[in-house]
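By letter and in written order, the chains are A, B, C and D; residue numbering begins at 1 in each of them.
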Amino acid sequence: MKQITRTPIVILNFKTYLESTGEKALKLAKISEEVANETGMNIAVAPQHADVWRIAGEVNIPVLAQHIDPVDAGGHTGSVLIESVKEAGASGALINHSEQRIKLADIDVVVKKAKNAGMMSVVCTNNVETSAAAATLKPDFVAIEPPELIGSGIPVSKAEPEVVEGTVDVIHKIDPDVKVLCGAGISTGEDMKAALGLGAEGVLLASGIILADDPKKALLDLVSKI
Amino acid sequence: MKQITRTPIVILNFKTYLESTGEKALKLAKISEEVANETGMNIAVAPQHADVWRIAGEVNIPVLAQHIDPVDAGGHTGSVLIESVKEAGASGALINHSEQRIKLADIDVVVKKAKNAGMMSVVCTNNVETSAAAATLKPDFVAIEPPELIGSGIPVSKAEPEVVEGTVDVIHKIDPDVKVLCGAGISTGEDMKAALGLGAEGVLLASGIILADDPKKALLDLVSKI
Amino acid sequence: MKQITRTPIVILNFKTYLESTGEKALKLAKISEEVANETGMNIAVAPQHADVWRIAGEVNIPVLAQHIDPVDAGGHTGSVLIESVKEAGASGALINHSEQRIKLADIDVVVKKAKNAGMMSVVCTNNVETSAAAATLKPDFVAIEPPELIGSGIPVSKAEPEVVEGTVDVIHKIDPDVKVLCGAGISTGEDMKAALGLGAEGVLLASGIILADDPKKALLDLVSKI
Amino acid sequence: MKQITRTPIVILNFKTYLESTGEKALKLAKISEEVANETGMNIAVAPQHADVWRIAGEVNIPVLAQHIDPVDAGGHTGSVLIESVKEAGASGALINHSEQRIKLADIDVVVKKAKNAGMMSVVCTNNVETSAAAATLKPDFVAIEPPELIGSGIPVSKAEPEVVEGTVDVIHKIDPDVKVLCGAGISTGEDMKAALGLGAEGVLLASGIILADDPKKALLDLVSKI
């Protein structure tokens, strides 16, 4: 179980694309590891639940779960138990992704569960206000992703730089230990450079890399301007 | 990917107990396989998502997912994609478990997805009426489990035999190809025998085996009266 | 509390359009009553929760709730209690509308609650399969509305007549007492005539009337071919 | 539409008790108005959606909705549109009650909708952490209610005073304009006095008054120590 220890970081969310499922997920994780090794960049991958064990056993970069349910061990058929993904090799989790929003009280529960389990928490948010709210819960990272830009190819760092800057400002006032990532529309080295220039300490992205003709080349380009 | 081909069957739902997570899940799956081999009984296991790959690669009995989300491949972070659990080795899925109820339209979607994927579908229901409704969607199995008896240790086959019989009757009128399982409170050979006597073709159970002092002994007892 | 006693019927779903909220909802309900009186057609209206009391006290046509929650009286802040909307004057309810889908077990609960309360139940469905499932729960009506046609202006009775006919067939096999309505894209007299010709006993519609320049004229046209 | 203009305040949540539904809801609202008039205390009532219009037209104290859905006007059958409850006479709303928790992004949407509509927002929370998160969204009030004490008869102001004090502290650091209410187990004058002594500016309560043998006497007692 490899931890994220440095920033800037790139978190590659595998979502539920067929291009990042099963055998292809493993291949993409290995590519991510290669790029991490070749460039020294901190790269983490967030595969589907059923791929966590398989990937965590094969690569030496951090593996995150895409979601954790706010349940304790017991009778919760179909839920994602944090102990289960941790034992499978996950060292952290995305929480409240825009495609898997959860209740405020449940974000609190899951961030605390992650802390207790020694796992990294990345709470996703949609604007400056909810980013501030998320920061009060003291996750390791808040990842701001304006939903209208997700998968759009229009980078948030260019389209709405004030959202990234505003998020960095408000979060640092609330808790300077909470790091900010930005996502939505990020795919190139320019996008990532712009994100870091706005105060983010990394990016969360998916389709820009996963659906690229050559994911390795796309990842190399992403980290090329740092 | 081992298919369920015969009845009677035992489906062991691992839920999210720590006793059936990770390494312990694998051990329980191997015990299930041993009992299947020793007795000739058809036994399937339904582990958590993150354990599917690990278990399916190690045992030669059917592995079911505990839940499938009604989504297509794409941008659905945190969801359980049927293609993912299938590639991980699942040959079927529990659907609409009482701890993971889903919308009617979504049961329809997931049953169809399972059929298209060549996977077995087990739709869980809570009474005669919803069992009839589930049967019209043509899953392979309907598993009737009165929620008040789940985890109670009071077997549905004794406490509410009319619910099991009524379910068998109504389902066979709607579609004789849909098989009936029963669950809730089942743990002993007597319970299973009674269930089959009422027309069920198997049982769905969890805590009675998983939390037993000696799960293998409990499983052997469960199938001893058939 | 006026009951629906005859078919064919028209159920006008007020949804949450501003054109059918508050004072405008009352006006639209009065127009519906006028058309019912002038033409002898059975017309019911389904306003928002907060408008039920106000409308039911002013018109002598059936008023339906748009949704009922599957809860008993007690601590359920924010839920729609059937006793509440009944006392406010509702004589029935839409259940499982495509914009408010609920779990299978909850449809069963709410249909039974409606029956016990002497209220009419209209379960909405999206295709032939879920219509069959809904019929097994014995509501008064099943309203089949292919979601892709809702609000489209393309009438289901023309675009997908086989869905309406298939629904009528399968429901009458399961329970001849369950009446079929059809919805989605219905707005003209031709659409309604076609729907009845396919075996439906009425229509469920919204935007075609609510957003019309002249709702009374639109309603009069809707019922003109019967 | 009467606004809450002063504190301390008492908000009486009618929940879905039969004792506070329909005719009985109206009676309880009138009792609340009498006590407000007799004592000068600011009292607001939060009836079920279908009772808002009826009550708001008969009493001259603030009426709150129990819930608002995060939807705009349009096709949202069964949802609670803010414009609808406002026109029915509500001057504010409970948001995220423990019996009706919503997603973080939706709390943000509804608080903003309330502000734009000139309505008072009361966001309910379960602990110090989520209270801080709620405060960053700038509602008028945050009402802290430890779920385990709701309906228990054990007042939060005595059982967990540190939760109330901690909430007051953290919220005043984040935004001194956000007022704190406390709830859960409150029923007597002593409970309310203790709550105000801890820095709360009012109480949110339900069963302690609604289910009392003599609700008027219970309300008079509640406000007797201020």
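As a working rule, contacts are C-beta pairs under 8 Å (C-beta built on N, C-alpha and C of every residue); 3 or more make two chains touch, one makes a residue touch a chain.
As the structure is a computational prediction, the values presented were derived from the model and not from experiment.
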Subunit D and subunit C - chains in contact with each: none
Remotest chain, subunit B as reference, centres from CA atoms: D
Whole-Å gap separating subunit A and subunit C, where each centre is the average of the chain's CA atoms: 44
Gap in Å, rounded to a whole number, between the CA centres of subunit C and subunit B: 37
Whole-Å gap between the CA centroids of subunit A and subunit B: 34
Multi-partner residues of subunit A (each touching 2 or more other chains): none
All chain pairs that touch each other: A-B, A-D, B-C, C-D
Complex contacts: residues of subunit D adjacent to subunit C: 13, 15-18, 21-23, 46, 48-54, 65-67, 71, 73-81, 83-85, 87-88, 90, 94, 97-100, 150-151, 206-207
Subunit C residues touching subunit B - in the complex, by the definition given at the top: 96, 101-108, 125-127, 129-130, 132-138, 170, 174
